[in-house]
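Scrolling down, you'll hit the structures one after another.
Each of the next two complexes has chain A plus one more chain, namely chain B in the first and chain C in the second.
This part shows the complex of A and B:
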């Protein structure tokens, strides 16, 4: 029998959320360094207020909900769902106070989009935004999606490792890099910081090579490295990467996006000397296959439409956007409007599917994830084999992901349930968008982008879009980040609480 | 006399180079097929300059829409201010060919300028600190610190009276 959450359960959840508030309060002091560096002293109060509110909330939750009870899986799932809502609201305070959004709803949208690593934006006049607030937007993607701050905060401030392990599961991730969660968190942060430095360096070199002054190249490079690795897609420029008109910047972006799209376990295996893992890993094979297949079909389609007629143009416009979509990053080198107006429908639909499928599991990517796509494909092949072979024949399968794993019914069912959840939310988002008067094609594109935490836009996402649609996309970004299941669990608990009350 | 005047006007109209369409950047972006390959005029605030050999990219912003202008490096060097948080960039205008997917630049949307001029030099913006926000931030910080400290003390007192069981 299903049991609703008790007051004790809520206490455990609230107490663990207090740690997330503390970490947000601490990290929101970091942009003050940027403000001082660039002489933007007027922006300092924005971050102080955000920090104060977060610390205050953390203290209140910590005191009034203090408990020594350990988290169980149900707590972790609900905690993750609530924390991924609360943290974006807290981090949106500086964005709202800076007046670079039209309303608090838009600032909250920016916070959710940033924290979930989506990259859809409602910010106004990005080209004149202060460097400290702009840095904050990018840093949100890095800490929210890049290093998974909610789990990290529990591993740093949590009493035992169990809470962090469960929080990983709550977010739909598997823990498996190292047995120790603190060690795992350190490794994840370490990998993130190393790639951040590498990314910032190559973006800076590319920027200087193509005419930017060193200071601008470094600032832009640092921010794009953060959002590229987090597969977030925010940019310091309203034109996104088109601003640079540079093949080198785009190549740098591709390198960083692919780093971010690979499984943390794979990064760790390679860093531990298992270099052949990259050739054997099923997830890498599926990712590469889909990238090449989508890149090929979209390039042929764009070529036949006579829009881009050279190989270089097909690489920089076709393949670049396929990589951006598949890795769920959202960097763009063409205007949002032009994807809808100029690209053939086939390419738009294929790009939408690519966004929904996403990158690797246990990475910074959104979407259904390659591991599940691979598992489902193998299961499909097995079913076909079963139908063709005699009844007595035994059909079994396995896949290689860090280690050889048998293709069990449990694994297939888990992948199928999550894929189904994505399909349900995709249909819901598309219908809501169409009901607001948008074309089906652009509705599918924007919904895939929000649900897959991508950030490519068909032009629907703008400050003038209906508030209801803003809320819908915030919900989709949040649900996509939590890999759907946590949302359904939370909804289930809310329904139970409404029907039976909280005891 | 009248005939001669009409002929003169017609001659002037025929001999004068075709005048550029004056279109906001927003219309060029939103309705790309209508203007593709045509001579257009542009104007906007400079938000980026990147010199590339004898040429340069100058990104301009016009009512929320931005586009790259491909012009001579000499023209780009005449720009004094680039727009950002602390500056309003130079206001420039000019004429050129609009390309939705420029063949020379691997599909970038751009304008190849044949005429480029700085209409107004930009300036530094004085950003004044909002006194109310400064006071609010100090008050918020003070409240956060005091409340946290107070709650921490209460918890410590409670621990002394009713120590939590250790697991």
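This part shows the complex of A and C:
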């Protein structure tokens, strides 16, 4: 039986959200260094205002809701859901004040898209945006999605029955929520910074190789490394990676995107000495198989339509977007119009499905995730075996992810519930988009992109799109990033409060 | 002496972080494999058409 909510529950949630506001307040001071470095002193007040608002909100919540009670799992899940709504609003303040969006709603859209690592953008004239504000857009993808969501995924969502992706193996499940978050955060930040430096170095070398001056190559490289590792897809150029027309930059992007798309448990295992895990891990196998299968069919389709007729073009314009979609990054080497007008419908729909399936669990990727896809496929095979074998036969299965794990009903149920949740939200988003007068395939493409936190666009996302659609995509990005679980729990929390009141 | 660099021993550093360094190389290996496989997948349709 469900226990009614108490005021204590709300205090614990509110008190812990104050810490999120403090973190945003602290982080929003960092772009000031960039502003000083580039002599953009006019942008400094934007970040100071953002920081002041965040600290004020944090202080109010801290003062009025102070509690010494420990956070439980239900509190942590609801806190994550509210934090991923509140933080994007706070981080959108400098973007709004800089006048590079048409309205506060557009700035909030940019904040949600950035913080969830999606990459759909409503920013105006990105090429002339001040470097400090542009850095902020990229930095919030790195902090929100490159670091924050992995912490939430490993310490909170991975512990819920619904998740089926298993919590961090670096610690026992009996560790309390708060120590778990602190300990996991330290490891994630450490590894994230290492990959950030490696990515920035590769991008910088690629940029210099293509004739950019070192300063520009380093600035672009640092920002693209942040959004690439976060599988976010924001770019410092309005044409995204198409601007560079460079195979070196594209290869650098692929390297960084795959770093970000791998399960953090896998990174941890490999970097701790278990190198064979890379070959045995079910999630890597599923990722590789689906990537190559989708790549092959899209290549055949693009070739048969005589759009690209060389290996170079098929790789750089076809396969690159399959990798970008599968890793849910959203880097583009061709324009949105090019995809929607010139690509055959089959390729567009297949790319939409790829975006919805996503990359690895416990990574910066969005979508259903490869671990769940693998689990569901194994469960399907088991069901077929059960149907063919005598009734008395026992069918059991297991999969390898860091360690051999039996394919229990709980894990299969968790994967099925999440996949169903994504399917419901995908149908909802597609219908809302079609109701606004868009074609079915572009509606499917844009919805998959928002829900899977990808960022590839069919061209629907623009400042002139209807406000209702902007809000719908913001909801999809938020729900998709929290793997639907937190949204369900938050809705359950609200219904419980409405039906039974707060004791 | 600056930042304790005189005490820095490269062999000791490598010994301590060998798993981490070789782990990074293993991940690069996987990425090279993915890039090569993707390139082959882009080439296959042309081969079939020929």
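The definition used in the following text is that the second predicted complex is superposed on the first by the 465 of 503 C-alpha atoms of A that agree within 3 Å, B and C clash if a C-alpha of one lies under 4 Å from a C-alpha of the other, contacts with A are read in each partner's own complex, and residues count from 1 in each chain.
FYI, a contact is a pair of C-beta atoms (placed from the backbone, for glycine too) under 8 Å apart; a residue touches a chain by one contact, two chains touch by 3 or more.
Only a predicted model underlies this, so the values are computations on that prediction, with no experimental measurement involved.
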Partner chain in contact with A:105 - chain B first, chain C second, else both or neither: neither
Partner chain in contact with A:431 - chain B first, chain C second, else both or neither: neither
Chain B versus chain C as contact partner of A:307, first or second or both or neither: first
First (chain B), second (chain C), both or neither touched by A:258: second
First (chain B), second (chain C), both or neither touched by A:278: second
Touching partner for A:319 - first (chain B), second (chain C), both, neither: second
Partner, of chain C and chain B, that touches more residues belonging to chain A: B
Touched partner set for A:270, first chain B, second chain C, both or neither: second
Common interface residues of chain A - those touching chain B in one complex and chain C in the other: 309-310, 314-315
Chain A-touching residues of chain B, taken from the complex the two chains share: 29-30, 32-33, 47-52, 56-57, 59, 61, 64, 66-68, 83-86, 100-101, 103, 105-110, 127-130, 133-134, 136-138, 140-141, 143-145, 147-148, 151-152, 154-155, 164-165, 167
Touching residues (chain side chain A, partner chain B) in the complex: 25, 38-42, 44-46, 48-49, 51-53, 55-56, 59-60, 62-63, 66, 68, 70, 97, 124-125, 127-131, 210-212, 237-239, 242-247, 307-310, 312-317, 333-335, 337-338, 341-342
Contacting residues of chain C [partner chain A, same complex]: 19-20, 22-24, 26-31, 34-35, 37-39, 41-46, 48-49
Contact set on chain A toward chain C in their complex: 194, 198, 251, 254-255, 258-259, 262, 267, 270-273, 275, 278, 284, 288, 291-292, 295-296, 299-300, 303-304, 309-311, 314-315, 318-319, 322-323
